Amino acid sequence: MIDEFGSDPEAAIAAAAKRYSNWNRWGADDGVGTVNFLDAEKRAAAAALIRRGVSFSLSLPFDENGPQFGWKRRVNPVHTMMSTGMDTAEQMGLPHGLSVADDAVFMPLQCSTQWDGLGHVFDHGVAWNGRAGREVVTSEGDVATGIERLAAPVVGRGVLLDVGRALGEDGELPDGYPITSADLESTRERQGVSIGRGDLVLVRTGQLTRVRRGEGWGTYAGGPAPGLSFETLGWLHGTEIAAVATDTWGVEVRPNEWPDAMQPLHQVALPHIGLLLGEMWDLDALAADCAADGVHEFFLAAQPLPFTRAVGSPVNPVAVK
Amino acid sequence: MIDEFGSDPEAAIAAAAKRYSNWNRWGADDGVGTVNFLDAEKRAAAAALIRRGVSFSLSLPFDENGPQFGWKRRVNPVHTMMSTGMDTAEQMGLPHGLSVADDAVFMPLQCSTQWDGLGHVFDHGVAWNGRAGREVVTSEGDVATGIERLAAPVVGRGVLLDVGRALGEDGELPDGYPITSADLESTRERQGVSIGRGDLVLVRTGQLTRVRRGEGWGTYAGGPAPGLSFETLGWLHGTEIAAVATDTWGVEVRPNEWPDAMQPLHQVALPHIGLLLGEMWDLDALAADCAADGVHEFFLAAQPLPFTRAVGSPVNPVAVK
Amino acid sequence: MIDEFGSDPEAAIAAAAKRYSNWNRWGADDGVGTVNFLDAEKRAAAAALIRRGVSFSLSLPFDENGPQFGWKRRVNPVHTMMSTGMDTAEQMGLPHGLSVADDAVFMPLQCSTQWDGLGHVFDHGVAWNGRAGREVVTSEGDVATGIERLAAPVVGRGVLLDVGRALGEDGELPDGYPITSADLESTRERQGVSIGRGDLVLVRTGQLTRVRRGEGWGTYAGGPAPGLSFETLGWLHGTEIAAVATDTWGVEVRPNEWPDAMQPLHQVALPHIGLLLGEMWDLDALAADCAADGVHEFFLAAQPLPFTRAVGSPVNPVAVK
Amino acid sequence: MIDEFGSDPEAAIAAAAKRYSNWNRWGADDGVGTVNFLDAEKRAAAAALIRRGVSFSLSLPFDENGPQFGWKRRVNPVHTMMSTGMDTAEQMGLPHGLSVADDAVFMPLQCSTQWDGLGHVFDHGVAWNGRAGREVVTSEGDVATGIERLAAPVVGRGVLLDVGRALGEDGELPDGYPITSADLESTRERQGVSIGRGDLVLVRTGQLTRVRRGEGWGTYAGGPAPGLSFETLGWLHGTEIAAVATDTWGVEVRPNEWPDAMQPLHQVALPHIGLLLGEMWDLDALAADCAADGVHEFFLAAQPLPFTRAVGSPVNPVAVK
């Protein structure tokens, strides 16, 4: 990769940004990027992938035991009860023996299984479609690419690329392993599955499997990880997929492929390609099923919660085979 | 209804609870109730309902302008940015021109479009399947029927019963209108659609349409509303549907059908039938489409966010036709 | 006032900002403004004002019934229990009959009785002491004038100016009444109290008294109110007081004294004078006591909670006479 | 201690509860316990302790770097900006160059420097003054002893007992060191200070000093610590002090003095003595000053934020000498 892109990450990012830009592809007002590829026709075709009717939740549990370890202000979800089964009808002032339990949550939207919205990352202050980041995402949130724009469309064909199983040892890639386009393609071919426009591509590295075997999350939510090489930007762009998600915290390989670089693939994928990125997805149960029946494509419902002007959203993606 | 069930709500609730109980139907350990009806076979069959590939989000926007009006501690979601497009790469200490926007939310789980979990309501302190409410839902949350158990299965056949359009004036039922089983059946027949085991039934009253025409939410999230009559419990039980959801805050008619009663249908539906209830769903765009093409059945992905031990969850239900 | 300052609020603000600026008075690095006036000597002298030992909390209750009415995202505090007296020792896994109740809160820091920190308001993007607002208060908070800098010093001599009692009808000024310097001085003289360097001055308008008589908060937390005239900036500056607080949401008169103006006094007081502003203080019990004994000075402990980098803080000011 | 109280913690707790009970001492309706000892006379006398006018905040910073380490759902305070100095007047829709920064916080009330309210702990389900815990502290909070009752009175004479300096090595007691009544008395005598009715007693162990020298908080907020021996209950009761606070997370020694016991002193002090407990107070700067001038008494303003029905409150105690 460094051969191809050179030793200066800033120059490499600029080059990739230029080469793979989708700015204005869907007009100046576009707010959903590559999700445009996932149209009704693609969605209708995906229905045929539901055969057995088995469904898999690809979400981690949202609770206090989640993966966050106190980095910045990213806490795990704090769930509190507003009333419980211990509060009686009398105490609640309710008639005929009725009592009710209610609850609340505080959570950073990026704390667990999530979509990064297009306003999550900026390249030198520039957001998706060439807008000024400082105008797009203020303290009021994202006025141009808020996650609420994705409330309806993110339902379609999902494809699992189980790179961990294909290329890893015991189904897992080591931390720091950069998954290349060639790796993605060889996995795809090995699995005998096609990938094309509008697909929601799930890349399993196996890191989550490994972390779960251990005694705690460690730095899963922010540390070293296998993940996509910067070099895959061409593949991500050229395949015209709608989104890519992984079982790691940050999609791309960590440490990144230049010393001191930080998430350079994000810096191209979100603001330039307009590509939706999914993080901390739990692909293990689905992957086991795919390995067992050899079918790596499925119907995927991965609609975010439509928090208005949010730059991301927790999501419970459900795959149906 | 009062003819059938008598003038004493407590006695009526007890009678209905006994008549329509599903306790132990799926074993003593069951934690999902009527969602058991929605099995893989039903889910596979529902795939055939995706024809055009058009998708509809049935969720209200989750934001500060939501329907809550300060009743109890139910505030609207408060979304705050943890970083924005105004914070520069330098200020964030990030390299090569990268900057990142993050956000957080505080929200009561029952504040907008939602599923009521089975641990949301108790009858004289008794929870679903006959468990003691005080043991099931403590301050730690719901240990027996937490919403996380519904992470995977709530995807299947959706049916819209547009009672507002069928029986209302200009498509809307007035507040306080009790929808009876006969109303549900006549609407169903008028629409030419079947309803059966495992279906996710959406009942449109038109109240949300009316509220949206006005100047504000008023008491939409807790006041008078059209809704299901207590009498529909037999229909809800006998049809063996997996869930019912409405475009109102509380599924059932308000005021309820006895003076001073409070949500008596909930008191039977959740702890005795084990029936999942959906509230504040936005059915208008879907209903308009159904009215236009005459097709009132669809594939519905309505998986909750799996907050561990939660008694409910915000949800973005997506219907695909 | 308009006579003195002209018809253009922007020009008036600029003129007042220039005339009353305290920039660099305490050095380029200063982070506490006029609180510099409240030194140890002043604090020691204030001790003599404690005579009877009677203490008054000047705080509104922090709860769901607070004054906020849903303006922007300013909700009232949401207090939830994390465990209760209903959870048993067994359920909590605790030995020898011990059980514990814990709780949590979500709150905007400006939602009730509060101090505005110096980083709360900017004049054309400029913050206290001439710093660039965009550098001082980022998404990480206020790095130059965070409220934590006021953790220790805000304890000293308090003086109540009960303008409502002095000049109002039945002890209350009407909404929209602009309190002038002459009003402050005539009230001070009538009360026979001095005001000088380092004092914490509390101005009672009586609006809170009136609101409490009514059926709800109405727009108390953001609507019309009696309050300081823009013209008092000279008095606020010249007296060298450390802070001023009122029983209204916004210190200054609303509507402001120019059509379409918004809190012009704030725009001078915070970034230019460096004056701490207190809002929504409950002065009624203290005022009744002062009216009864004729003593309008007291020891005041009004230390904020030191939220790091916060631009304000809830506060429970306690006056001791 | 085990000699005096025997080997069974449950029996020891029962014996101490009986011996030191203050139930009904201030009537059946009492909601503030030993704070009754701190009356106006005591408060007036405390004023004489303000000599130099120097003030000390005894609060830890409230921020994301606080002492919590993810135990249960006790996160550190999460402070987020609702608007910043980067948002311009134009973006905020405000006139004449005005812009405003606002913020919000989510925090467990027990996460940092705090008061435990009387409803924080129960002995076999029984709360302060003999009330049933399940009736006193429901999901609505504490209806009998909510922290709001302490909004005004907790201002008076503070006394520092610097046991760390008196008996420790380099000013610090080791973790697990049980401070006895004899230790408290010998420290008191060594310091030449009296202790009596209504005092707010601050016990410095030096643990916080030690923790701050290290690389992180470790288990400061829930692990081993020096602290009061169970045996001090007699002293706490007999001295008729209003409150005791320490520089540790839990006041009493950890591990406790019986194997597998958990906070037995709390179980007597709160529900039986009615004694206010302060935790995680930062006493170091004050202690250094006291060591320097030999004066260990001072005026202390330690009023909680009056969260209605809360079982505790963050507090910024300010000592003035």
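Lettered A, B, C and D in written order, each chain numbered from 1.
In this section, contacts are C-beta pairs under 8 Å (C-beta built on N, C-alpha and C of every residue); 3 or more make two chains touch, one makes a residue touch a chain.
This is a predicted model, so every value here is computed, not measured.
Shared contact partners of chain A and chain D, listed by label: B, C. Across B-C and C-D, the chain pair carrying more C-beta contacts is C-D. At the interface between chain B and chain D, two copies of one sequence, more than half of the residue numbers in use are shared by both copies.
Rounded to whole angstrom units, the spacing between the C-alpha centres of chain C and chain D is 27.
Between the Cα centres of chain B and chain C there is a gap of 44 Å.
For chain D, the set of residues that touch two or more other chains comprises 72-73, 78-82, 84, 86-87, 104, 106, 108, 134-135, 138-140. Only residues 78, 80-82, 84, 86-87, 104, 106, 139 of chain A touch chain C when the two sit together in their complex. Contact residues on chain A toward chain B in their complex (touch as defined above): 9-10, 13, 39-48, 50-57, 59, 61-63, 65, 72-74, 77, 79-82, 84-86, 88-89, 94-110, 119-125, 127, 132-142, 148, 151-153, 155, 260-264, 266-267, 299, 301, 303-312, 314-316, 318, 320. Listing the residues of chain D that touch chain A in their complex gives 64, 69-70, 72-73, 75-76, 78-84, 86-87, 91, 106, 108, 134-135, 138-140.
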